[in-house]
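Per-chain numbering from 1; labels A, B, C, D, E, F, G, H, I, J, K and L assigned in written order.
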Amino acid sequence: MTVVKSPLPEPARQVTHDALQSTLVDLLGLSLIGKQAHWNVVGPRFRSVHLQLDELVAAARGYADTVAERAAALGLPPDGRPETIASAFTLPGPKDGWLRDEEAVRVIAETLGTAIARLRERIAATEEPDPVTQDLLIGITAELEKQRWMFEAENISG
Amino acid sequence: MTVVKSPLPEPARQVTHDALQSTLVDLLGLSLIGKQAHWNVVGPRFRSVHLQLDELVAAARGYADTVAERAAALGLPPDGRPETIASAFTLPGPKDGWLRDEEAVRVIAETLGTAIARLRERIAATEEPDPVTQDLLIGITAELEKQRWMFEAENISG
Amino acid sequence: MTVVKSPLPEPARQVTHDALQSTLVDLLGLSLIGKQAHWNVVGPRFRSVHLQLDELVAAARGYADTVAERAAALGLPPDGRPETIASAFTLPGPKDGWLRDEEAVRVIAETLGTAIARLRERIAATEEPDPVTQDLLIGITAELEKQRWMFEAENISG
Amino acid sequence: MTVVKSPLPEPARQVTHDALQSTLVDLLGLSLIGKQAHWNVVGPRFRSVHLQLDELVAAARGYADTVAERAAALGLPPDGRPETIASAFTLPGPKDGWLRDEEAVRVIAETLGTAIARLRERIAATEEPDPVTQDLLIGITAELEKQRWMFEAENISG
Amino acid sequence: MTVVKSPLPEPARQVTHDALQSTLVDLLGLSLIGKQAHWNVVGPRFRSVHLQLDELVAAARGYADTVAERAAALGLPPDGRPETIASAFTLPGPKDGWLRDEEAVRVIAETLGTAIARLRERIAATEEPDPVTQDLLIGITAELEKQRWMFEAENISG
Amino acid sequence: MTVVKSPLPEPARQVTHDALQSTLVDLLGLSLIGKQAHWNVVGPRFRSVHLQLDELVAAARGYADTVAERAAALGLPPDGRPETIASAFTLPGPKDGWLRDEEAVRVIAETLGTAIARLRERIAATEEPDPVTQDLLIGITAELEKQRWMFEAENISG
Amino acid sequence: MTVVKSPLPEPARQVTHDALQSTLVDLLGLSLIGKQAHWNVVGPRFRSVHLQLDELVAAARGYADTVAERAAALGLPPDGRPETIASAFTLPGPKDGWLRDEEAVRVIAETLGTAIARLRERIAATEEPDPVTQDLLIGITAELEKQRWMFEAENISG
Amino acid sequence: MTVVKSPLPEPARQVTHDALQSTLVDLLGLSLIGKQAHWNVVGPRFRSVHLQLDELVAAARGYADTVAERAAALGLPPDGRPETIASAFTLPGPKDGWLRDEEAVRVIAETLGTAIARLRERIAATEEPDPVTQDLLIGITAELEKQRWMFEAENISG
Amino acid sequence: MTVVKSPLPEPARQVTHDALQSTLVDLLGLSLIGKQAHWNVVGPRFRSVHLQLDELVAAARGYADTVAERAAALGLPPDGRPETIASAFTLPGPKDGWLRDEEAVRVIAETLGTAIARLRERIAATEEPDPVTQDLLIGITAELEKQRWMFEAENISG
Amino acid sequence: MTVVKSPLPEPARQVTHDALQSTLVDLLGLSLIGKQAHWNVVGPRFRSVHLQLDELVAAARGYADTVAERAAALGLPPDGRPETIASAFTLPGPKDGWLRDEEAVRVIAETLGTAIARLRERIAATEEPDPVTQDLLIGITAELEKQRWMFEAENISG
Amino acid sequence: MTVVKSPLPEPARQVTHDALQSTLVDLLGLSLIGKQAHWNVVGPRFRSVHLQLDELVAAARGYADTVAERAAALGLPPDGRPETIASAFTLPGPKDGWLRDEEAVRVIAETLGTAIARLRERIAATEEPDPVTQDLLIGITAELEKQRWMFEAENISG
Amino acid sequence: MTVVKSPLPEPARQVTHDALQSTLVDLLGLSLIGKQAHWNVVGPRFRSVHLQLDELVAAARGYADTVAERAAALGLPPDGRPETIASAFTLPGPKDGWLRDEEAVRVIAETLGTAIARLRERIAATEEPDPVTQDLLIGITAELEKQRWMFEAENISG
C-alpha cells in the first residue's frame, strides 16, 4: 500500500530509507540500553551516572521520534516494533543484572562510539539523495558525540 | 552478586519479582507498539489517533520507569534489554507498514485488554507478599483501563 | 446498547457501578452546594470561607471527573445530568439567600461528614469486586476527611 | 435579610436580578450537560468531541461564577442549589447512557442555540437598567456563539 | 502644545476628558488609601484584610494606567501628579495611625460606594461622545462593584 | 451552501457581515504592513521601532482571528485569501525597500488613523443589528487608538 | 539606497536574494491560506483540522520572519507588502466560502507539495552562493515536509 | 479537649493514632538527620550526596505534613514539638562534626532500613482499622524504599 | 493607641521612624511622578523612556511597601495617605501636560539625585539606632543610584 | 578533624561560630514549633493562622539552611541533630494538643520576640569579627520582625 | 595526555581544531567587548543599545560554550583562559571609558563584520573534514549576521 | 570626559573605584577560568565537577555585571576589556589541556581562597567611603565563601 507520496525520486528514496530505518533501530535500542543501565548501575558514582543516563535516553527517544517522522514524511513507513529491534539491533550493550558504575560508563561510551561511526557513514551517503535528511543526521551526530565525550571523560581512571 | 538488600523475605520476594519483571516487559513493549502506531497511522482520524497514542506512550514509559525502580528498591535487578523484550514480550501488536486508523485503534484496544487482564492477576498475587507493589500495580491498571476505554469508545462504528 | 467492554465479571460490575454512580451524584451535588455557599456567605470571615469553599469545589469537581471516567472505563455509562442530581442527591445543604459564615462552615462540615460515612461503606463494599475502584474511593475519602477537619477546626467557637 | 447594599434603584434591580438568576441556572445546567456528554460520548470522533466538551464546561463554569458574583455585587443573592437547577433548568440535554458522537454534537449545538436566544433577550432587557450587567451578558453571548459555531461546523454530514 | 491628534471632535473630547481625568484621580487616590489601610490594619482579621486590600490596590493601579493611557490616546494629557491628587481627590479615606480591621473594611466599602456612584454618572455621560471610553468605565465599575460587595459582605457583624 | 445557522435575522446579518469582513481585510493588511516596516526600518531608532511594530502585528493578527471567527459564528464565512486582500485592502502603507525610522513611524500612525476612523463608523452601524459585534469592534478600536498614540508620541520631532 | 552592507559578493547575493524573496512570498501566502481554511472548514473533522491548520500558520509565520530577517542581514530589503503578495503569490489555495474538511486537507496538502518542490530547487541553487541561507531553507523544508505528511496521512479515505 | 470529631470508632482510632504519631516522629527526625548530613558531608562525592540528601529531606518534610494532617483529620492532635522528638525519636543518626561521604551514605541507608521495617508493621496494623491511613503509609514506604535503594546502590565499594 | 510592640528602645525608635516615614513619602511621590512622565512623554525616544519609567515606578512601589512594613514591624504606623504626600513631598517633578523626552529624562535624573542625597543622610543616621533599617536603606540607595545612572547616561546630548 | 579551612582568624571564628550555631538551633526549633501550631490550631481564624504559620515555617527552614551553610563555609561544622535541639533549644512554644487560634498567635508572637532579641545581640557581637555573617543575621532579623508584627497585629482583641 | 578519543582521523582533526579554537577565542573576546560597551555606553540611545548588547553577549556566551564542548567532543581540549584571549584575540574593540552610543554601535558592527568574514572561511575549511562542525559554524554565522544587520540598521544617520 | 555625575565626594570615590575595578577583573577572570575547567575536566567526578563549575561561572558573571554597573552608577566607567584582564588579572588558574577532576577542584578552591582574601580587604576599605558598595562586596564574599566550602569539602581525599 503506497499511501504517502514521496518528494524524493526513486534511487534517492531507497538510500534515504536505509539511512533512516537503521538509525531508528539504533536509537530505539540505545534508549532501551540506556534505561537498563540507568536502573541497574551501582557504585560510588551511582547518582551521577543514573542521572546522566536519563539525559542520554531523553535524547535518544527525541531523535527516534524525529527520525521516524522524517521517514513517514518521505513516504517511507518506519519500523520500530519489538520484533524489528530484536532482529536488527546490533550495538553492544550491558549484560543482565547489577552493573558497576565504571562498567556502565565504559559500555555506553563504546556503544555510542559504534553508533557515531555508522551515523557518519550515513551522513556521507545521504548528502546527494536528500540534504534535508543529512542535516538531521548531522544534528544527531553532534549530540551523540557530545554525550560520548562526557562518558569518556568520566571514565578516566586515577 | 547480591548488591541491594531486600526489605522482603524470600518467598514474597520471588512472587513480587515475577510480577514486576513481567509488567516491565509489557510496558516497554507497549511503548514501542504505541510509537509504531503513532508513526504509521493513516486515515481521516490520523491527527486525533496520532496524539492519543503519544499519551499512551508517555504513560507506558513513566510506569515502566516506576516499575523497574520498584524492582531495584526490592533488591531485584530489572531487565529491560532489547533481547529480553524480544524473547519475553507476547502482547499483540500492529503489523509492519502504514496502519489504517480504525485498525490502529482496534489493535491498541486489544493489546490494552490483554495487558489489563494480566495486571489484575498480578494485583491478586502481590496482595499478601507486598502491598506496596500491589498499590503500584493498582495505579497502573487504573490508568491503562482509562486509556482502553478511550480507544474502545473511539472504535464504535456508525 | 453495550458499548465499552468491561474488565469486570457481572456481580462485581454491579456493586462497583452502584458505588461509583452514587459517589458521582454526591460529588456533583457537593460542588453545587460549595459554590452556593461560596457566593452567598457573609460575615467577618467572608474572605477566608469564600476562598476555602473554592478549594472544596475544585476537589469535588476533579474527583467527580475521575469517578465518572472510572465508571466509563468499566463499561458503565455514568449519569450526572441535572435531573439525576435533582432526584438522587440527598446530602444536607444550605438554604436559599445570604448565609452567615459560621452557618456556612457548619453546614458544609455536616455535609462532608455524611458524605464520608457513605464513602467508607463503599470502600468496604468494593474491596473484593474491584480493588482499583476501592483505591480511588480511599483517595477521595482522604481528601474529604482533610477538608472536613479544616471546616470543623474553623467552627470551634470562642 | 438585606445584607449587601445595591448600587441599583429598585425597578432596575429586579430586571437585572431576573436576567442574572436565569443565566446562572442556564450556565450551571450547561456545565452538567457538557460533562455528561464528555463522559458518555462514543464513536470515531470520541477524542475530539470529548476534549471540545471540556472547553465548553470550563467556559460555562467560569461564566457561572462571574454571573453569580455579579448578582451578589448588586445585593442579589444568587441561587445555584441542586434543587433550584432541578426545577428551573429547561434547556434540552442528552438522554441517559452512551451517546453517539454526532448525537452529542447535535444536542449541544441545539442547547447552545436555545441558550443564546435567551441571552440576546436579556441583553436587550438590561441595556437601560444596568449597562454593566449588559456588558457581561454580551461577553457570554460572544463566547457561546463561538462555541455553537464550532459544534455546528463539526456536525455537517458528508 | 497640541501634540497627539485626537480621533474625537471637540465637544465629545471635552466630556470624555473630564470623565477620564476625574476617574484617574479617584483611582490613584484609591490606590494610596488602599495601601495605607493595608499597612495599618490591626485586629483578628488582620491577615485576611491585609491581603484583600492588596488586591484592591492592584486593581486600582492597573485601571489608573489604562485610564491615563486612554486619555493620552485621545490627545488629552492625563494629570496624576502629587499636587493634583492633593487638590482634586475627595473620596473618604482612613485616618492616621493603626486602623481596626472592621473600621478598615467599613471605610473602604464606603469609599468604593462613592467612587462607583461617580463612575455610573460618567458611564451615562460618555455613551454618546465616546463608546470606547464608556466601555472602559463599564469594566472598571464591574470590578469595583465586585470588590465593594466583598468588603460589605465581610463587614456584617454577628 | 448555507452551513452554519445564524442567530441574527436577515437585515442585521448583512450589516454585521459588511462590518466584520471589511475589518478583517483591514487587520490582515495591517499585519502585513507592520511586518514590512518591522523588517525594513533603519535609523537610530531601529531597535525601538522594530520591537514596537511586532506588538502591532501581534495585536492585528489576534484581532483578525477573533473577527473572522465572529463572522463564522454568525453563519458568515470570512474571506481572508491573498486575492481578497489584494483587491479590497486600501489603507496607506510603506513603499518598497529600506524605510527610515521616522518615516516608518509616520506611515504607521497615518494608517492607524484611517483604520480607526472606519472602525468608529462600524461601531455606530452595528449598535442596533448586533451589540455583540459592536462590543468586539469597540475593543479593537481601544487597542488601535492606544497604539496610534504611541506612534504619534514617538514622531514628535525636536 | 544601499544601507546595510552585505557579507556576500555580487553574483552570490543575487541568487540568494531570489531564493529568499520568493520563499518569503510563498510563506506569507501560505499563512493567509492556512488561516482561511482554519476559519471556513466544516465537517466531522472540523476541530481536528481547525487546530492542525493553526500549527501550519504558526510555522509559516515564524519562518517568514526568519527568511525576511535573513534577507535584511544580507543587505537585501525583503518585500512582503499586500500588493507584492497579490502579484507574486502563485501557490494553489482554497476557494471562497465554507470548505469541507476533506477538501481543506486536500488543498493544503497540494499547496505544501508545490511549495516543497520549489524549496528543494532553492536548496540546490544556494549551496554554493550561501550555505547559511541553504541551511535555513533545509530547515523550512524539513518542517513543511513533516506537515505535508500529516495532511496526506489524514486524507486517506476508507 | 475533644475538638474535631473522628470518623473512626474507638479501638480503630487508638491503633491509627499510634501508627501516625510514631511515623510523624520518625519523619521529623529523619528530616533533621538528613539536613545534618547535608551540611556536614565531605569527600569526593560531596556534591552528589549533598544534593541527594536534600531530596530525602524534602520527601520527609512533605510526608510529615501529610501524616500530621491525617491525624488531625481523624480528631487526633499530632505532636511534633522539639521535646517530643527529643524523647521519642530512636532511629540511628550521624555523629557530630564533619562526615565522610561514604559514612553519610551508610548511616542514612541504615536509618532508612530501620524506618521502613517499622512502617511495614504499621501497614499491617492499620489495614483493618483504617484503610485510608494504610494507603498513606504504603505511599510513604514506597518512597523511602526507593530512596534507600539509591543510597545502598551508591555505597557499593569498588 | 500603642498597638504593636517595638523591638527598639525609645531614642532609636524616633530616629528610625523619621528615616522610614520620610523615605516612604519620597518613594510614593516618586512612583506618582514616574507614572506622570510615563504617560505624558513625547518625542523620538518615547517608547524607550516610557518603558524605562515603568521600571522606576515598579522599584519605587516595591520599596515603598517594604519601607512601610518595616515601620509597622517597629511599632510605628506608616502614613502614606494622599493628604500626607500632598503636604510632605518636596522632590522636584514634571510640570502638567505633554513632556518632551529629554525633559522627562532630565527631571527624573534630578529627582533621583535629590532623593539619593537624602537617603545617604538617613543611612548615616540609622547606623547606630537600627542596623536592620540601615541595611534596607542601603539596598534602596543602590537601586536608585543604578536607575539614576541610566537616566543620566541617556541624557548626554550629541 | 579540621577539614574545611576558615577565612577567619581564631578569635573571630569562635564568636561567629557561637552566633551561627545558636541561631541555627533557634531556627530549627522555630520551624518545629511553627508546624506544631500549624497542625493543631482551632477556632474561627483557623484557615488564616494555618496558612500564616506555614509562611513562618518556610522562612525558618530557609534561613536555617543558609545559617548552617554559612557555618560550614567558615570551617565550622553546624549541629542540627535532634539531640542537639532537644538540649539547646530554649524558646517558648505551644503545649501539647489542640491550640486555640488566639493562643497560637500569642505564643508565636512571644517566641518571635525572644528570638529577635537574641538575634540583635548577635548582630552587635559579629560586627567586628565577620561583617558577612552580620549581614546574614540582619536579613534574618528583618524577616522575623516583619512576621512578628503580623502576628501581633492579628492578636489585637476587639 | 590524550584522553578523549576522537571520531576524526588526523588531518581532519587538525583543521577542525584550528577552526574551533579560533572561533572560541573570537566569541569569548566578543562577549567581553559586548559587556564593556553594555556598561559604558552613553547618549540618547543608551537604553536601547544597552539592552541590545546584552543579547549579543548572551549569544556569544552560548555559542562559546557549544564550540568549546564540540572541541572536547572531538578529543581536542579547548583553551579559553585569560592569557590565551590576551594573546590570541585580535578583533577590534572599544577604547577605555565612556562610549557614545553611535560609537558603540559602529565598533560592534565592525567587530561583527570581521568575525563573520573569518567564520565564512572556517565554514569552507571544515566542509570536508567535519560536516558536523561546519553545521555548527553555519548556525553561529546566521546569528552573528542577524545581529550585525541590527547594529548596522541602527547606525544609519539622519 | 566626565559624563555621569557621582553621588560620592572625591577621596571616597577613588577608594571605591579601586575596590570595584579590581573586583571586576577578579570576577571576569574567574568566569573564564571556571569555564576553562568546566570544559577540560576529566575523571570519575567529571559530571559533578562540570555542573558545579557552571554554577560558579553563573555567579561570577552575575556579580561582575552588578559590580560594573555599580561603578557606572558612581560615575566611574568600568573596564572589562580583554586587554585589561590580560594585564590585571593575577589569580591562580588551571594550566592548558585536560584537567584531572581533583586538580580542577584544588585549583578552583585555591583561586577562590585568594579572591576572598582580597574581597575582605576591600570590605574593610569601603566601609567609610561607601557603605552601599561595601554591602555589595559583602554579598559577593558570602557567595564565594559558600562556593569555596563546597569545592574544599569535595577535595577531601579518602
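Everything below uses one rule, namely that contacts are C-beta pairs under 8 Å (C-beta built on N, C-alpha and C of every residue); 3 or more make two chains touch, one makes a residue touch a chain.
Protein identities per chain, from UniProt: A, B, C, D, E, F, G, H, I, J, K, L = DNA starvation/stationary phase protection protein.
Fair warning: this is a prediction, and the values are worked out from it, not measured in the lab.
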Check: Looking at the contacts, which chains touch chain B and chain I alike?
Finding: none
Margin query: Once the contact rule is applied, which chains count as partners of both chain C and chain F?
Written below: D, E
Check: Which of these pairs, H-L, F-G or D-F, matches I-J in more than half of the residue pairs in contact?
Finding: D-F
Notebook entry, point to check: Taking each chain's centre as the mean of its CA atoms, how far is chain F from chain L in angstrom?
Noted result: 53
Next item on the list: Would you mind pulling out the distance in Å between where the CA atoms of chain D average out and where those of chain K do?
Entry: 59
Note to self: With centres defined as the mean C-alpha position, give me the chain D-chain E separation in Å.
What the structure shows: 31
Item checked: Centroid spacing, where centroids are CA-atom means, of chain D and chain L in whole angstrom -> 62
Notebook entry, point to check: Do you know which chain E residues sit against two or more other chains?
Noted result: 3-4, 42, 44-45, 48, 69, 72, 135, 153, 156
Item checked: Contacting chain pairs - touch in the sense defined above -> A-B, A-G, A-H, A-K, A-L, B-C, B-D, B-G, B-H, C-D, C-E, C-H, C-J, D-E, D-F, D-G, E-F, E-I, E-J, F-G, F-I, F-K, G-K, H-J, H-L, I-J, I-K, I-L, J-L, K-L
Check: Taking the complex as given, what residues does chain G use to touch chain A?
Finding: 113, 116-117, 120, 123, 134-135, 138-139, 141-142, 145-146, 148-149, 152-153, 156
Note to self: Give the list of chain H residues in touch with chain C in this complex.
What the structure shows: 3-5, 7, 69-70, 72-75, 131-132, 135-136
Check: Of all residues in chain E, which touch chain J in the complex?
Finding: 41-48, 50, 100
Next item on the list: Using the touch definition up top, name the residues of chain G that touch chain B in the complex.
Entry: 44-45, 48-49, 51-52, 102, 150, 153-158
Next item on the list: Using the touch definition up top, name the residues of chain C that touch chain D in the complex.
Entry: 1, 3-4, 28-29, 32-33, 35-36, 39-40, 42, 61, 64-65, 68-69, 71-72, 77-87, 89, 93-94, 96-98
